[in-house]
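So that you can tell them apart, the chains are marked A, B, C, D and E in the order they are listed, and the count of residues begins at 1 in each.
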Amino acid sequence: MLKEGHIRIPAGCAISGIMNKKGEVTSGQEIIKSIAVMHDRSNGLGGGFAAYGIYPEFKNHYALHLFFDDKKVKQETEFLLNKFFSIDLAETIPIRKINAIKNVPLIWRYFVKPKIKEMALHETESEFVVNFIMRINSEVEGAYVFSSGKNMGTFKGVGFPEDIGEFFRLDEYKAYSWTAHGRFPTNTPGWWGGAHPFSLLDWTIVHNGEISSYDANRRYLEMYGYKCTLQTDTEAITYIFDLLLRKFGIPLESAINIVAAPFWSKISRMNPDEQKLFKALRVVFSSLLINGPFSIILGSKNGFMALNDRLKLRSLVAAQKGDNLYIASEESAIREICKNPDKSWAPKGGEPVICLLDGKESLYEFDQVDENEFEHHSVAL
Amino acid sequence: MSINCLTPAFLIERDKDRCIDCQVCVRQCANEAHRWDEEEQRVFSEDANCVNCHRCVVMCPTKALHIKKFPLEFRYNANWTQEAMRAIYLQAETGGVLLTGMGNDRPYPIYWDHMLLNASQVTNPSIDPLREPMELKTYLGRKPDFLKIKNGKLLEDIPPQLELELPIMFSAMSFGSISLNAHKSLAAAAKKAGTYWNTGEGGLHKDLVEHGDHTIVQVASGRFGVDADYLKTAAAIEIKIGQGAKPGIGGHLPGEKVGEEVSQTRMIPLGTDAISPAPHHDIYSIEDLRQLIYSLKEATEYQKPIFVKIAAVHNVAAIASGIVRAGADVVAIDGFRGGTGAAPLRTRDSVGIPIEFALAAVDTRLREEGIRNKVSLVVGGSIRNSSDIVKAVALGADAVYIATSALISLGCHMCQKCYTGKCNWGIATQDPQLTKRLNPEIGAERAANLLKAWAHEIEELLGGMGINALESLRGNRLMLRGIGLTDRELNILGIKAAGE
Amino acid sequence: MLVTIDAKDIYFKELNQQIRDVLKTGVEEIILNNVNGQRYIGDGITGTQSIIINGTPGNDMAAYMDGLRLIINGNGQDAIGNTMNDGTIVIYGNAGDTLGYAMRGGEIFVQGNVGYRVGIHMKGYKEKNPVIVVGGKAGDFFAEYMAGGIQVVLGLDLLPGESIVGDYCGTGMHGGVIYLRGTVEDYQLGKEVKVLPVDQQDLEFIDRYVHNFAQHFGKDYEAIMSKEFIKLVPFNTRPYGNLYAKY
Amino acid sequence: MHYVIIGNSAAAVGAVEGIRKVDKENPITLISDEPYHTYSRPLISYFLAGKVTEEKMLYRGQDFYQKNTVTTLLGQKAIAIDTDSKEVRLENNEVLVYDKLLVATGGTPFIPPMAGLEKKNVFTFIKKDDVKAISKVVATGKKAVIVGAGLIGLKAAEGLSSLGVDVTIVELANRVLSAILDEDGADIVRKHLEKRGIKFELNTSVEAITGGEEAQGVTLKNGKSISADLVIVAVGVRPNTEVAENSKIAVNRGIVIDEKCQTSIQSVYAAGDVAEGYDLIFAQNRVLPILPNAYCQGETAGLNMAGSESIFSGGFAMNSIGFYGLPMITAGIVKPEGNGYEVLVELVPEQSLYKKIILKDNIVVGFIYLNKVDRAGIITSLIREKTNVVDFKEKLLKDSFGYIDLPQQLRKSKLLKGDSMSCW
Amino acid sequence: MKRVYAREEYCVGCKLCEIYCIAAHSKYKNDLVKTFKKEANPPISRILVEESRPVSFALQCRHCEDAPCTKACIVGAMQKNPKTGVVTNEEERCVGCWTCVLVCPFGAITRDERGHKVASKCDLCSDNSQMPACVEHCPNRALVYSEYVSNNGTK
C-alpha cells in the first residue's frame, strides 16, 4: 500500500481551533473535547493537534518532532542532525498507551539550533532549517520531521483525534493557541506522517476538503524550490502561504485574496485602485488560487487565520468569548467548550477570520525581502 | 501532348430521381465540375474537376449529389500506394514541388486522443457551471515574479496583459490567403466572444481597424502592412518566426491574388507577388529577436504584449526558453498539424513535432528554469474541440490558437485546395464571385457560436473536475491520464497512465 | 404527554433510537436537553408530535421528516430539513448552509440568519408547497436551482450596508417564488431570475407567513409589514432549453 | 362636408379611394349617367368577344360603394354646375349641393363628319351599352367596317373577328395605331392582324355610310365600297366636358387642372379623360385618356378634396395592349420629330420583334416594345424619373436589361429605398 | 411593412430563391422533386435573380407604398392589402393586359401565359408561411425579410 508521498490522497475532515489573544495558556483538554464532538467527520485514520506556546523553556530552539520507522533510521537521521545543528535536548515524546492507537513509530523530539557555519551564503536561518527538513523528509526513508517551529509543536498520528490527544498526553501541555484535526482519508492506510496538522517551521495547517487545483499549485510551488513530498493538499497550502507571506512578503489579506480570489465579476465592481491590485493578484498568482472546497486554519506563533474557499463549499463557524476565539467545522464543537459565546457567526466564503496575539500585526514577521532576489530565478530552498 | 496518367480523384454521383436540373451545382462550382448541357437540357458532371469541397452537395436543394472516391483500383501495394504514385505522375507531368493546403493529413498519432480527463466524485464536489460562477477569463502577458504591495496598494503596475474571456483565440491567417469576409467574420466573432483574432502577415484592412482592440497584428518576415498605425491599432503584436505547417519555409502570395484591397492592405503594388522570406532577415540569432521585440515595445511605448510565434520543432523547449529570456510576453507554439493556405507537401507532412509534446516539453522546461510564470504560453496546430483545449491547458498552456476549426466553422470542408484561389466556400479566395459566399454576419455568428459552445463545454469539463476558474487547471497535469501511450511518451507529457 | 431526555454525551445513534422509541409510545412532545452536535434528529420520522431541542443539534436534522414539529432553542447547523416532506421547524437562532435542500413540503422558520445555498433545489409537488421564512439574512447562492415552493427573507436587524441575500441569489432557479423584504442589486441575482413587484395575492401569502413568524418569535407584525417586499421569480421553467446541440 | 363625384369609372373610383384614405366619415354622392356599377371601360372588347362576363367587368366589387359609404345616383345625368352656389343640377332637375366636387365624366367618342351616321347598326365603341347594342347584330359571317385603326378600333376588330365577323378597318393615317406606333411597329401589327383575316384600308376615310335604314356598307374616299352589316366608328375620344361648359370652370380641350387636379375653380376638381393635366414628356397640359392616368388623377383629386395635400406630378402617354397574342407596350414619344433625339432600335420583323427606345439628352422619352415586353416598366420608370442613362445606354436594348445594368448606387437607392436600413 | 430586401454583397447567384419560389407556388407545395418532376407546367418564379458576374441579386415585387400596378390595373385585380401592405393580383379577374408590366418600375411582374393569362408576382408567400420561401431558403442571408426604416426612423 502506498502512503502519503507516494500517492496523492484526498481527505475529508473536521477542524477546530481555540486561541487566547492575550497569550494566556490552557491545557489541551478543551480542544480534544471540541474535536471529539465531530467524531463522525473523521474515520480513525488520522488525528492531530498543533499547540503554540508549549515550550517556553526552549523558546529560541527549533523543536523538531520526528517519526522514525526504526532505530537504524533514527541513527542515520541523528547523524545528519548533529552535522547541521547543535542539539540541546533529545527525548522521546511522552505518550499514554491506548488500545485504539496501534503501529506506533518511534516518536522523538529535538530542541536544536542551526550551526551557522553550515549555512550557505545568502541562506537565511529559516531557509536552512526548511532545506534540512526537506532533505530528511524526501531523502531519508523511514524518518519524517512533522514539527519544526519554535515554542510550538504538532502532535499527530493514526487514530481518531480524541485518542491521539490522549495518546500524546495533551492535557499536560499548556498553549495559548490550539488547533485540531480529524481526518477522513479516502484511500490510505493512514501513515503517521500523513496525519494533520501539516507543519513547517512555525506554520501549521489543519484543513478540511479536497482541492482541485492541487497540481497547478504544486507545479508552481516547485518552481520556487518546494518539494511536495507528501502530495497532500495541506502540504501544498502550507507552502503557498509560506511562499506568499514569508518569501514574497505579500500582506496576509492579499495572500488571502490570492488563494480565495474574489470572482472577476466582483473585482469589476471595485474602485480603480482596488481593481488594479486585485487584478494584479489574480493575474500574477493565478496558479496559487486554491480551487475546490476547503476550510483551513493556518496557525503561526502570532495567531491563526481561518479561511473558507470562495464558494464556501465547506462549513466553518466562528465564535468569540472574551479574549478567546473559537473556530470549528461545526458549531456544536464550539458549544461543547463554550456554551454561551459573546457572539458566533458563519464566515463567508473567502472571508478570513484572523486572530492575532495582542500587539502582533501579522501572522508572519518576515525578514526584509531582497527585491532583486526573484529577478534571477534562483530561489533556492 | 502525351498521356496524362492522372485519373480523377473523385466521382460525382447524381441521383436522377432527385435531380431537378435546377443548376444550382453548376452555378456554385468554381471548378466547373458540373455543367449544363443546352442540347440535352440537363446537368452533367465533370468528375476530373471535382475537388470534393462539398459545396454542391450542401447547396443541392434535393440532396441529389454524392461524391465518392473515384473507384479506380490500383494493384494492392503496401509500399507503392495510389497516393505515392499519383504524386509521381503529377511531378512527372509538371516538374513541380508538390503544393498542398490545410494541415498535415498523415496518420500520425494524435496525443490529445490519448489523454483522458479527471472528474470529481465524492471527495470534492463537481461544480454545475450553469448556475455556479465559472471563470474562463485569461490574461496573457508577462508576469512579474511577485508584487509589491503596501497599505493595500499596488506599488508597481504589472506589464500589459491581454484580457480573454475564454482561452481561445483565432490564429494568424493573412488577408490574401483568406478573404476579407473571412477576416471580418473572425474579427467580429472575436469581439463578440471577448477574445482576439490575428491578422497574419497580410496587414489590417481599413474596415477592420474598428476591431483593433480585439486584433493581434503580425509582424512577419515580409513586414506586409506594417507601419506605426498598424502597431498602435492592435491589442498585441505577434512576431512570426514560423508556423507549424511549414517550419523554416517562407510564404508566397501570388500576384493574381493581390487585388485592389489586398494591395492597399499589404501596402504593395497591385498584382505583384507578395513574398515572405523564410527567416526574418534581421533575426539570425536569439539576440536579434530581443532587438526586434524591444523595437516593437519601444514603438508602442510598452503598452502592448509582444507575442513570438514559433513552429514546434525538435528543440522547441530550449528555443522557447530563449524567447522568454529575450523578453517576449507571450510565446505561441504551432504544432506540426497546423494548417496553411499553401505549403510544400513534403514539408507539411514531415517537418516538426506534435504540439502536445512541444507544449509539455516547453512548460516543463520553463518550470525547471523557474520562468514559466513570466510568460504566457499559447499553443495551436489543430485544436479540434473543447477537450483538446482543456487538455492543452492542463498540460500547461494559457490559451490556444485555433484556425482550421475556425475556418471549418465558416464552412470550410477541408478539400485542401486553398492555394488554387477557387475556394468554393469564399474563404481562401479573393475572387469576388466567391468571396461573397461568405456573409460575414453569418460567419461571425458561426465562429462566435463555436466559441460559445466550446466555452460551455470547457465549463462543463472544468465543473466536472471541481474547478471554477481556468487558472486552476493550468499545468494541472494531475487532471490528465494517458491511455495507450508508452512510458517514454507519458514521461514527455508529464502525466500518469490511466489507472495510476 | 411529555417526555424529557437529557442528550448530554449521548451518541446520535442512541439518542435517535430513544426518540423513535418514545414517539411510538404515543407521547405528544419530547424535550431534548443538552443537545450538542448530534446528527439526524427527526430524520425519516412520520408523525405529528413535537420535539423541543435545547442546544445545538447536529447536521442533517429533519431529513426526510414527514410531519413532526421541531422547536430548536439555539442555532441549527448545516443541512436542516434536507429533502423534508412535511412538518414544521422553528429555530430560535441561526441556521447553517443548505437549509431545506430539496425540501418538498412543510415549513421552516428561522429567527436569525441562514448560511449558503439555503433552499437549494427546493421544490413543490402537487399539493406540497414548502415554505422557508428567514428572519435575518441569507448567504450566497440562496435558492439555487429552486424549482418550487416559497422562501421569504425578512432581513430584520440588518447592519448598515448589509445585504439581505448574498451573491448568485436564485441562480438556476426555474420554479417557485422568493419574497424579499428589501432590495437586491442586479449583480446579486442569478441570470435566470427577475424581480417583480408583489401583487395582492403575494401580499396575502406574505401576510400569513409574517404573521406566523411574528407569533413564533414574538416580533412586531406591523413593523415587519411596514417595509416593502419584492418578488423574485424565474424567467422561465426551462432556462437551458437552447444550450445543447444534438449531435 | 359633402363630396360629389360626377362619373363612375377609374377616376371616380380613384377619387373615392383617395377621399376614404383620409376621411372615413363625410358623405360622398356619385352621379353617373350609366346605370351600371363601376366597370372597366377597356374590357368592353373582351366583353364583346365573350372573354369576360359582365360580372367580371366590374372595376371594383359589388359592395365597393357600400363599403365606402358612397351614395350612388346611377343612370342620372349631371347637366350643369353652379360653382357659386356649389350646386350640381341633374337631368331630372334635382340639385345637389356639394362642398367638394369632382368632374370625372370621361370621354365621348369623336365622330368625324360623314354621311349616313344616323343609320341603324352604326355604333361607337367605348361603353358597355355599345357592346350590348353591337352584340345584338353580330353573328358569324357578318361583315363589319371599323372606322379608325387606333386602340379602340383594333380592339373592336379583334373582338368582332373572334366572333367570326369579317372585319375591314378604314384608317385615315398611313398605318395602324398611329398614335402609339411608328411605321415599323405598325407594319408588324398590321401584318399580324392581316394573318388573322382582318383587312385594312389605309390612307383613306369613310365618305358615307351606305344603305337604307340600316347600314349596308361604306364608300371610301379612295373610291372603294365595302359592304357591311355594321359600322363602328372608333376614331377616338374627346373629353366629355359638357357638364362644365356653361360654368366658370376653365375648359380648354379638356377641363384644365393643376397638379392637385383642381380646376380653375376652388373646390372643383377634374380627373381622367375629361381633364387636361400635365404631361411630363411634353411639359405641358394635355389630355391623356389612359386608365392609369385617370385613376391617379382621381385619387389625387380625392386626397386633396379630403384635405390632404397631394400632388400628381403628371403622366404621359403609355399603353399596354395586345392583339392575338402579340403584346406591345409603348410609352412617351414613339416617333420623334425634330432634332436632338437618339433612337436605339432592334427590329426583327419575321419574329414580330421590335424594340425602340427614344432618348433625348440621355434621358429616355419614349419606347416601343413589341412582342418582348417583359420588364418594360423599368423603362417606363426611367422616363418618369428622367434618369440619365448615359452610363448604361448601350445596355438598354439587351433582352436581359434590368437593375443589374444600372450603376450600383442608383440600383441600391432604388431597390433598398434609401441607404440606411434598419436591418443591416 | 416587412419586405424582402436583397443584399447583393451576399448574393451567391445560386437561384435557390427562384427554385423555392416555384415550389412554394406549385400544387405540390414545397416539394421540389414533385414540383419539377410531376407538375407538367410548373409555376414560373416570382422572384428573379439578376446576374452579371460577380454581381447578382434577387428582385421581386417591392410591394410599393404607392403601388403603380394597383392604380394602373384596368380590372382592379391588383390590390394592396391595406392591413398587410402586400400587393397581390387576384388572378381570377386578371385579363393579362400587362398594364401592370408597363408601369412596374422594378420589372417585377411577369407574364404567366401557361393557361389563362395572368400577371404573376410575388405575394410574399402570405398564404403559406411566416417567412417567404425565397428568404427562408436563401443560403447566405442575401435576402432578408424585414421592416425598412428610413433615415428619419419611419417605417
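What we mean here is this: a residue touches a chain if its C-beta (ideal position, glycine included) is under 8 Å from a C-beta of that chain, and two chains touch if they have at least 3 such contacts.
Note that the structure is predicted; figures quoted are calculated from it, not measured.
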Other chains in touch with both subunit A and subunit E: B
Least step count from subunit C to subunit D, where 1 means the two chains touch: 3
Chain whose average C-alpha position is farthest from subunit B's own: D
Farthest chain (mean CA position) relative to subunit C: D
More contacts between chains, A-C or B-C: A-C
Central subunit by CA centre of mass proxy: B
CA centroid of subunit A to CA centroid of subunit C, Å: 36
Whole-Å separation of chain centres (CA-atom averages), subunit D against subunit E: 28
Centroid spacing, where centroids are CA-atom means, of subunit C and subunit E in whole angstrom: 63
Cα-centroid distance, subunit A relative to subunit B, in whole angstrom: 47
Multi-chain contact residues (two or more partners), subunit C: 141
Per-residue multi-chain contacts in subunit A, two or more chains: 265, 311
Numbers and ranges of subunit E residues touching at least 2 other chains: none
Chains touching one another, given as label pairs in label order: A-B, A-C, B-C, B-E, D-E
Residue ranges of subunit D touching subunit E (in the complex, touch as defined): 13-14, 40, 42-43, 46, 51-52, 56-60, 291-292, 295-296, 299, 318-322, 327, 329, 331, 373-378, 380-381, 384, 400, 402-405, 408, 412, 414-418, 420-424
Interfacial residue positions of subunit B with respect to subunit A in the complex: 120, 122-125, 127, 132-133, 135, 137, 139, 141, 143-149, 152-154, 157-158, 161, 367, 369-373, 465-469, 471-479
Of subunit C, residues touching subunit B in the complex: 141, 144-145, 168, 171-172, 190, 192, 239-240, 243, 245
Complex contacts: residues of subunit E adjacent to subunit B: 9-16, 19-20, 32-33, 35-37, 53-54, 137, 139-142
In the complex with subunit D, residue positions of subunit E that touch it: 5-8, 48, 50-52, 55-57, 59, 62, 68, 71-72, 74-76, 93, 95-107, 109-111, 144, 146-151
